[in-house]
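Dropping the structures in below, format is structure tokens.
Below, subunit A partners subunit B and then partners subunit C, in two separate complexes.
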Partner chain A sequence: MSETSTRRKFIDTSCRVLGFAALGGAATLLTKRASAQAVYQVDPLKCISCDLCRTSCVLSLSAVKAVNEFSKCGYCMLCPAYMDVTSQPDERGVPSGRVCPQDAMKRRVVGKEDLDDPNNNYYEYVIDEARCTGCGKCVKACKPPAGNGSLRLEIRYNRCVTCNECSIQIACPEAAIVRVPTPGMSPVETHGGPPHA
Partner chain B sequence: MPNPPAGPPSCGGRASRPLWPLLLLAVAFASSALLAQYQKKPPDFGGIYAFPTPTHPEPRAAIERGLDVAMLAAGLGLAAYLILRRRSREGVVLLSMGAIAYFGFYRKGCTCPIGSIQNVTLSLVDPRYLISLGVIAFFFLPLVAALLFGRVFCGGVCPLGAVQDLVLLRPKTVPEKLERYLRWLPYVYLVVAVWFAGWGLPIATGASKVLVARRFLICEWDPFIGLFRLSGSFHMLAIGAGFILVGMFYGRPYCRWLCPYGALLSILSRVAWKPVSITPDRETYCGQCADACPFGAIRDFSADRATCVACARCYECCPREIVRLRREGIPAKRYVAGADARGAS
Partner chain C sequence: MSLRPFKTSTVPRFAGPANSVSGSSGAGLTPVGLRPASLELTQPPRGLPLRYTPSATLAARGSVSEFRRSLSGVAVGPGNTVYALGDDEVRAFDANGGVVRSWKVRENAACLAVGRDGRVYAGSSGRIDIYDAAGKALGGFAAGQQGRPADVSAVKVFRESILVADAAARVIRRFDSGGTERGLIGDRNKTGSFMLPNKSLDLDVDAAGVVYATDTGRHQVTSWTQDGAMVSAFGKFGMGRPEDFVGCCNPVNLAVAPDGSVVTAEKMVARVKVYGPDRALLAVIGPEHFDGACTHIHLAVDSNGRIIAADPVRRTITIFGRS
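Right, the complex of A and B next:
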């Protein structure tokens, strides 16, 4: 083997060893601060239900959906998130307009229905997820004091493709999309910090 | 005596006391009473009704996330075996189709090593940034593979590369001069993308407040992620269509002239341990490998480690390889006739 070829081989080998060392060092450093996973979630305290969740998700039907927390719901007859309370009432005094542009919110009477006076009934409000676009109109209408605040927008993990960079997060004016290691965790307690601060 | 502005009514008898806090209090009471008819506690249904619990779909389980990393590692290993050991172009094509299916359409293009450059940068710059173990593995595994076997990730595992490789119908060569300039673009893109991910552009908003807008440019301008998701913004889909059109005639335009991860891989594969090599001691100097390479990676009868993306096209039409395959009893494939004809002419 010629001298240049031996030298070339030596340089190659040392560069390779250096490369492995650098990669190993960087990987160790990063692994120390790593978490098992990172998911996006909507911070309900910051969310202003502005409709950008519907429009800015990379999916044609957004991964953000409205969710009804039944334990907080008032089961009201006159639900401001279900019906447009400013619309024309029908013959029984129930507003005829609906808040949801997709008609994704359905309600059914709980228990025995009083047909004469709807005010005596309790209604269970269920969101049809296949129809919900995540526009947040119902969430906005349910906010206290008008409603109980039982509705909120949530990133549905069966739809979210966990993009490396969430385009809703970029669009959100309130920085309400946060990255957390476990869903439901507050970003403060996890030192998650906003990635696009 | 301290005078609370909105105290209980018992201390409201003082003449000097302004009336408005009381009025405010009254209005507050009245409005809360008005609103109370809407603000209801969940009613008591007397046991005839169970409150449904809203569904909260769980994010991907640990085993699924582990499977991603395992698939990447297995893909890299299989690519190295198929390309360097078996020298099988067909094997590589099958593997890259699998990569399109899994990393492309099933995983919708995320996580990908190309984008992970930005997560790693941001995590190094800002330790508060949440980086997950999977992303770290996706960043480092192909780099380690490049130090060992060259750019086997590009050849067999990268779904973006595979898409372009499959649409390459009529390979044409780019003028040498142009190619020399284009080859620098990935490094420029890498620097720009790293800068945007780690530091971003400082935007002055007002007198002293500076807002830093960190952006993941690589993800925002990814060519084929719109294809994998079958949805996306117009610019993404247009770029993807453009790259596919160009890629029909010029091999892997994104990999060669834009991919920032390809830039990293080509730096590391310069010192690869066992990269794709045109075996010098069995060389026939026919030059068919150089003709077959759509990327201009074979010069002077040797494969350039930095530009070779390990697609195994050179092995496919090497007369020596065809003889070896025949000797091993592997049935003649359609390309054998073509290679023989070209060898005879």
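Right, the complex of A and C next:
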């Protein structure tokens, strides 16, 4: 009797231990997977382009970059994020100053260029990420109503070193750095062409 | 363990719109994106010959006629009745600001016009709907090309012509009263269409039938015959002189007064300006009257020359008269 009872107790204990071990293992696995599939990203609706992304990243050149969402971009000749529209106009009446202190925003004419009148051209604006510091000056200048709001700041994962605790997230006054899942995200940049062309 | 870097084309991002105005509660007067050096633009210029002041407000906040969700168009009908489009309905206001009648229109209707006969035309994506003065639906017609419906951002009526601004094709389409397309306006300039970085085109017609349109990318108001021949253009970019148009793409809206004056609305510095028949700047209605986040200020002018301006952010209509 007592022998049977001991064996039962042993089997019972073993099952419990195995069960707990399996549960623990599964939980660890799920947590690891979830952590691997969640990344830090800038919420453009919260971001105020305060310049802290530039100064707070552990990298000397921040992992945060400006990106242009071409489907929203107006391909303006007088892009308020590219040109300092308040600066002195040149001989053609085009503002001579630039918004980006690093000259990281480049533009090129879409299609055949009208050299006589720049107002007859559409321009595509792209960010040179090697120069962009993530200061957000262009993003701020592009916000409606001045611009179409096509520019935003974004953490670039080919630069991000995936700190356990993102230093920009700690510094962000608007809690705009959040964890987002990676699957199912649509591409950032799709070069479309001028609006309604 | 090191994570494999994402390719540029697969960087996770937020799918939501990024075009919100940071911190915009709809009350600020400071133009978003402008640096302090140019804040003098918000001050009214001196020495202009005319001055306009608010004489009445329609659909005021808290009133029974308040628009709760949207205000996307304004027009003047016979007897200077003000019609407004918002909350998916058309409302006609009497002289005291009361709503004399209202009726539902197609969801997301974007603009409206009123003919001399009192017929009301409401434009929505790819379609114009027509109503009689009492709001009874009379039918309508499709606008645009096959597979590419017109992005109708403005509609106006001149005699038998219905003029539809198609911001998708960047032209003005002229229809007869039966809805048959009779011609295009704006397709014969150098680029074959209007330059519209802000993806919106506004128009109005004067008493002689000359069509005025906003060419926002060129910072101009252009005028055209009904057949599509260009008549004239005025305006240029500038951040200093009040007669110039600021920002990337202005003017965003316009209306023509009975005396031939052209009234324009700008974004970035939300203001309304009046240009005389010789296109000299006569008056500026400053940004203190509008929300700084406005990307449009819908305009109409009544037979007395009063300017009806609809602020879509505050969702109020202000009538400005000469003082």
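In the analysis below, the second predicted complex is superposed on the first by the 146 of 197 C-alpha atoms of A that agree within 3 Å, B and C clash if a C-alpha of one lies under 4 Å from a C-alpha of the other, contacts with A are read in each partner's own complex, and residues count from 1 in each chain.
The working rule: a contact is a pair of C-beta atoms (placed from the backbone, for glycine too) under 8 Å apart; a residue touches a chain by one contact, two chains touch by 3 or more.
Please read these numbers as outputs of a predicted model, since none were measured by experiment.
Once chain A of one complex is fitted onto chain A of the other, the partner contacts of A:V39 extend to both subunit B and subunit C.
Once chain A of one complex is fitted onto chain A of the other, the partner contacts of A:Y75 extend to both subunit B and subunit C.
Of the two partner chains placed by the overlay, only subunit C lies in contact with A:P89; subunit B stays clear of it. Look at A:M105: by the touch rule set out above, it reaches neither subunit B nor subunit C.
In the superposed model, A:C47 makes contact with subunit C only, not with subunit B.
In the superposition on chain A, contact of A:I177 is made with neither subunit B nor subunit C.
Judged by the touch definition given at the top, the superposed model places A:G147 against both subunit B and subunit C. Of the two partner chains placed around the shared chain by superposition, neither subunit B nor subunit C is touched by A:A63.
Of the two partner chains placed by superposition, only subunit C is touched by A:N120; subunit B is not.
When both complexes are aligned on chain A by C-alpha atoms, subunit A residues 36, 39, 69, 72, 74-76, 78, 80, 122, 144-148, 154, 156-158, 162, 180-181, 195-196 touch subunit B in the first and subunit C in the second. Residues of subunit A touching subunit B in their complex: 11-13, 15-16, 19-20, 23, 26-27, 29-31, 33-39, 58-60, 67-76, 78, 80, 110-111, 122, 124, 126, 144-148, 154, 156-165, 170, 179-181, 183, 190-193, 195-197.
Taken in their complex, subunit C has these residues touching subunit A: 3, 5-23, 31-35, 37-38, 151, 167-170, 190-191, 195-199, 217-219, 236-239, 246-249, 267-268, 270, 292-295. Residues of subunit A touching subunit C in their complex: 36, 39, 41, 43-45, 47-49, 69, 72, 74-80, 84-86, 89, 93-95, 114, 117, 119-120, 122, 140-150, 152, 154, 156-158, 162, 180-182, 185-189, 195-196. Residue ranges on subunit B touching subunit A, taken from their complex, read 31-32, 35, 38-43, 45, 48-49, 51-54, 56-60, 62, 65, 108, 110-112, 115-116, 118-120, 122-124, 126-136, 140, 143-144, 147, 200, 212-216, 219-220, 225, 229, 231-233, 268, 270-273.
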